[in-house]
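Letters A, B, C and D mark the chains as written, and numbering starts fresh at 1 in each.
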Amino acid sequence: MIVILKPSIDTQSAEYHYTLNALQGLPGIEVKLNSTQGTHEVVHEIYLIGDTEHISKDNIEALPGVARVIRISTQYQILGREQNNRQEFEFEYNGVVFSQNNLNVFAGLCAVDSIDTVEDMMKSLQSFGQTCTRMGAYKPRTSPYAFQGLGKHCLPYVFEKAGKYGIKVIAMEVTHARHIEEIMDYLQQAGNPTGVMLQIGTRNAQNFELLREVGSQKTFPVLFKRGYGITLTESLHAAEYLAHAGNHNIIFCLRGVKSLFGPPHRNMVDFAHVPVIRRLTKMPVCIDPSHSVGTLDQTPEGLSDIFHATAQGIISGANMVLVDFHPNPPTAVVDSRQAIPTSDLDWFLEDIRIARNAFEQRAALAQKRLNS
Amino acid sequence: MIVILKPSIDTQSAEYHYTLNALQGLPGIEVKLNSTQGTHEVVHEIYLIGDTEHISKDNIEALPGVARVIRISTQYQILGREQNNRQEFEFEYNGVVFSQNNLNVFAGLCAVDSIDTVEDMMKSLQSFGQTCTRMGAYKPRTSPYAFQGLGKHCLPYVFEKAGKYGIKVIAMEVTHARHIEEIMDYLQQAGNPTGVMLQIGTRNAQNFELLREVGSQKTFPVLFKRGYGITLTESLHAAEYLAHAGNHNIIFCLRGVKSLFGPPHRNMVDFAHVPVIRRLTKMPVCIDPSHSVGTLDQTPEGLSDIFHATAQGIISGANMVLVDFHPNPPTAVVDSRQAIPTSDLDWFLEDIRIARNAFEQRAALAQKRLNS
Amino acid sequence: MIVILKPSIDTQSAEYHYTLNALQGLPGIEVKLNSTQGTHEVVHEIYLIGDTEHISKDNIEALPGVARVIRISTQYQILGREQNNRQEFEFEYNGVVFSQNNLNVFAGLCAVDSIDTVEDMMKSLQSFGQTCTRMGAYKPRTSPYAFQGLGKHCLPYVFEKAGKYGIKVIAMEVTHARHIEEIMDYLQQAGNPTGVMLQIGTRNAQNFELLREVGSQKTFPVLFKRGYGITLTESLHAAEYLAHAGNHNIIFCLRGVKSLFGPPHRNMVDFAHVPVIRRLTKMPVCIDPSHSVGTLDQTPEGLSDIFHATAQGIISGANMVLVDFHPNPPTAVVDSRQAIPTSDLDWFLEDIRIARNAFEQRAALAQKRLNS
Amino acid sequence: MIVILKPSIDTQSAEYHYTLNALQGLPGIEVKLNSTQGTHEVVHEIYLIGDTEHISKDNIEALPGVARVIRISTQYQILGREQNNRQEFEFEYNGVVFSQNNLNVFAGLCAVDSIDTVEDMMKSLQSFGQTCTRMGAYKPRTSPYAFQGLGKHCLPYVFEKAGKYGIKVIAMEVTHARHIEEIMDYLQQAGNPTGVMLQIGTRNAQNFELLREVGSQKTFPVLFKRGYGITLTESLHAAEYLAHAGNHNIIFCLRGVKSLFGPPHRNMVDFAHVPVIRRLTKMPVCIDPSHSVGTLDQTPEGLSDIFHATAQGIISGANMVLVDFHPNPPTAVVDSRQAIPTSDLDWFLEDIRIARNAFEQRAALAQKRLNS
């Protein structure tokens, strides 16, 4: 850590001595002074040497003689990736592999509304070779007067149908520790016919209590959705809470952010961060085109903005797609404007294949280029 | 609710019939049609008459023939204020009155760090006639590696000292239901020497499970901090979760928002919303100048930005001030840059009195004006 | 235009009569009244029929009895595209075709710094079959103390070298009407060896005087860069100023927006708006990955964020790429962090081809799907 | 300037030597090296000593071995205020004094619409002792189809009436150099009955050509409106363009910023920046409550949000108020929702006096406190 003092500071002043004493009082930290004469002023720096990870930058900057503090070491201890480190990071859950090197599609229901819809959805998935889906049982809604999801009551048939149609992993949001227990109980009662990936929603991105509770179980992998009103750095710190609690099987999901630049989309699409997450961390990256785009409006060639956003995420290496489908979108109880009709599932999958293939060609070209 | 159909819609089309059928299928809702010939096109509207509160605007807008949906009725059922309704809304807790017509100051520690600091702080408060304070025991922090607060361990001496120095209400953030129980238990063990106002932090503004848990107890009033990355409307909906769960003793706190316009302040100060909350809702309005401004830098006459922001909130009618003080700010473990030294407490209170007095003169002038 | 009156309005009140009179006084507009009884209140609407394009929505909303005003007709008279209208919009300039159906790459210098750099750059372009480039002569800079571009002094050799290496179109920012004259003069003096596309920079997106001046000449096509701090709607209105002044040969350029979600990128990448511009307007869409991303950091497979953002724009149908190259990036005088070395030009072009090919496959699939 | 190299850099590497050579090649700059052994890595710093004002931080950060660059010296050479420097900065124009120590009110018409309105407005101003006003002749509007102001045609009667009613200074927006000439010409033709303050609107905040043109005349003082979509730092750099061109008689105006937190206000009110401008620069600070708030909605005691925002700016030391009035607001052609009726002018002025008086009491208290 480098502490730069105020340009005009007098080394005989009380301010200077106060600051120096405070720094010398830090336990286990060695202090070194360095002064350099510039044209207009002298620059005084103080180096703090030792384990500075736990020292608050804010507190040092609050000392009276300090102008700026620079932290040298990296921030995301568990999830972070050192620059130029190409080490892989992957995990397998219920037979499905998640890594920065492959792609899984989770098409499904934003909110479970009936057993028939669940069955329709899963039958379609199976018929196109899909083994993952999303199914929302617990729905956090902006207003207390809106539909809040069917909750645990739908779990028995969701799990049963998943088993019937060969679904291996269901992404499902949880907003309270008791939801984890309910999921675990109902899965067990049903004979574990499928698996669940616990999803942290954007509104709970900084609900650190929930992050600790979800992170301290190791049964289920976790899908962490970026906070829609906080910086990327803050979202990565929040994901680190999960890892710090013990569970390292984490996928980071981009889902759009709040911005005055969003409209006509529901949020401002943030998929240019796909490569950023891939180079700063070891986590597989998921994209949620439904909640970021939020509309099925189409370009002249007949492709909707959701298809386009999905292709954008995938051509830059996204590893998972979480996307809303519905057998009959206008009747969906939540976010019906953004659900793709199930009849377009095969088209969507084929569109994805084109984009993924393009990504792989690009990666191969880069490889060839770097080796030459 | 008024449903405006697409300008070009053909009333013989499948699209039109599908939409009309869907609307006519809404239970308990009467449907009326109205068409008007404009210069360029015909405008078709459909009125939905009945209890439309529970109908999702999104779902109606998703119908194929719909261009726009307009909701007529108000949104915040419990907390909202009808236009021109001057009805008061006040509550008393442990001898302290909270309303849109008075002002309470909660100066205190952002984070409790030691028994001595707590005692110093409370002694100062008593010496200047203060009976409210803030004391942070549970601190949600951006990184899992930062200090997380002393938690329940500090409660015994915080409550004991509060009793000793005549403190009636302590604002204290909670981030989990068990914190409410801990506070209740320790208060009881100490013989209820003081009272507590439960604070919902900005990161938990949309943690609806916590809102329901805090809202469903009626022992403690609640201080709800606006979400720093969501709109004002979304924050008001979130506050409505508290009221909907049963507790109407709610104070709404402005604490700055995330924005690229914030720097050099820590957040973008949002105190122009003081009058907005006062006219849209019945809630008393609190301002938190410490977390919004975040720096003690001063204007040439020697007043810090925190003093200025406080005066701004108060001259427009703020009813509560939540502000960080510390006997020795550079040693504070959290947010030390923004804590005002306790030695300036009397100055701060006098500065506030000038601003409150100005507000009262302004209100009296308005009254005189409106009556003339 | 539909005017919805306040829910509680009394049709005998002064407020109501004042509002009705004001609307009936609008010249050339017919007024129709409609009232509908809801459960809780009566809804009163007033239809304004006629040429309402020139009526200010703000002014109507300011009338005392008005709750809301809804405009029915479209906004971008010249540049706008009616929903479902697949009509093409293309123009040719100096032998190069611009449309929503093809792709042109403008790789070149953000700022011209020397004749040698210009020659190096153009030689490279020619060797890879490129006939377009960017060359910045007039550089608007945030601080008055920063390098402001070589201005007209570099034009003679820029145009001469362009002719020598077969460059047909140079995108060049102008910030004042006199720059247009200077470009015209120097081109003529050089014997018109090349063509120029006038670029409106993001800082001048709402400099309506400049837009009128650039729009009222028809010699050069115009590249309009979205305003980085205004909404998409506002940027489209601004582009309409160009068209309204007479010049319809306009390309709309996405270049990232200001946001707290931008970092670690220089701006928040906005290429999810490529399909939005393509469906709302007839304009070809350009992407500027250099200024939006602003860093050459790479994902593990060795592709930089700029390459990834470019691929994202292209796979969703972008028609032009404006991108910073430099023979020796660290010596570039402006924005050196984001310039790609010329030695990577062939790689960049090949990476683009993969993405464009993927877009074409996606469009063909959509076509097949819609025809089936 | 301090250049911090990458933590892991090898001093034998090509990267290191390339960087060092580049820095040693900077003309007129001395280079000093410093290395310090930390626990985990060595920190290498390079000091650049000399006149580093003109060196681009971006370019240095682009060098291959560089991690971060820190600039020590201040940025706003002419307008900036050194910390703790209480030096005053004031100017007089046409008998009116502008400084950080007083307050001038500019109530008037957002857009001139007729000679009668102008006369009504000025008569009211005179009757309440006002000698300054605002009068919009040239109106930049978002859409090319909206009313663009009466332009030079209204200047003769605006200046004549100003003379008749004792108006000394009229704030008037200009968007092109020819407007300055027109104003100068018409003023002269009328016999200079009044003075004009040239206003740079928010949309032209980074129109550097206009800033240079306005800044290079010294006849009129300048009112610079903050850019609504750029940071405060960028706006201050832009104001420095005016000063750099020669004119130091500049007032900095806060007028709200674009943000998703603005509604129900038109923009996000930014008056917490009043103290920031006052401590960072020598410029008097103006507030524009009309464009920032944009609505006359009232709190229960009958004070509108515009009155409240004004009071907030003034109690923290604002030096000028630019505010929209109209004899008959609903008929105003531009921004009619935010114009205060002229019949409330005396009330507004009295409300302002209360707030200014409170500011002066606060300043006196601070003075007493600092002297004790």
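Everything that follows uses one rule, which is that a residue touches a chain if its C-beta (ideal position, glycine included) is under 8 Å from a C-beta of that chain, and two chains touch if they have at least 3 such contacts.
All values reported here derive from a predicted model rather than from experimental measurement.
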{"item": "Chain separated most widely from subunit D, comparing mean CA positions", "value": "A"}
{"item": "Selected pair, greater C-beta contact count between A-B and A-D", "value": "A-B"}
{"item": "Approximate Å spacing (C-alpha centroids) for the pair subunit A, subunit B", "value": "28"}
{"item": "Subunit B-subunit D separation of Cα centroids, rounded to whole Å", "value": "31"}
{"item": "Cα-centroid distance, subunit A relative to subunit D, in whole angstrom", "value": "40"}
{"item": "In subunit B, residues with contacts to at least two other chains", "value": "231, 258-260"}
{"item": "Residues of subunit C touching subunit B in the complex", "value": "2, 4, 7, 32, 34, 36-41, 43, 45, 47, 49-51, 68, 70, 72-73, 258-260"}
{"item": "Of subunit D, residues touching subunit C in the complex", "value": "18, 22, 53-54, 56, 58-59, 61-64, 75, 77, 140-147, 175-176, 203-204, 206-210, 227-231, 234, 237-238, 240-241, 244-245, 258, 329-330, 332-337"}
{"item": "Residue ranges of subunit C touching subunit A (in the complex, touch as defined)", "value": "81, 86, 100, 231-233, 257, 259-261, 263-265, 268-272, 274-276, 278-280, 292-293, 297-303, 305, 307-309, 311-313, 315-317, 347, 350-351, 354-355, 357-358, 361-363, 365-367, 369-370"}
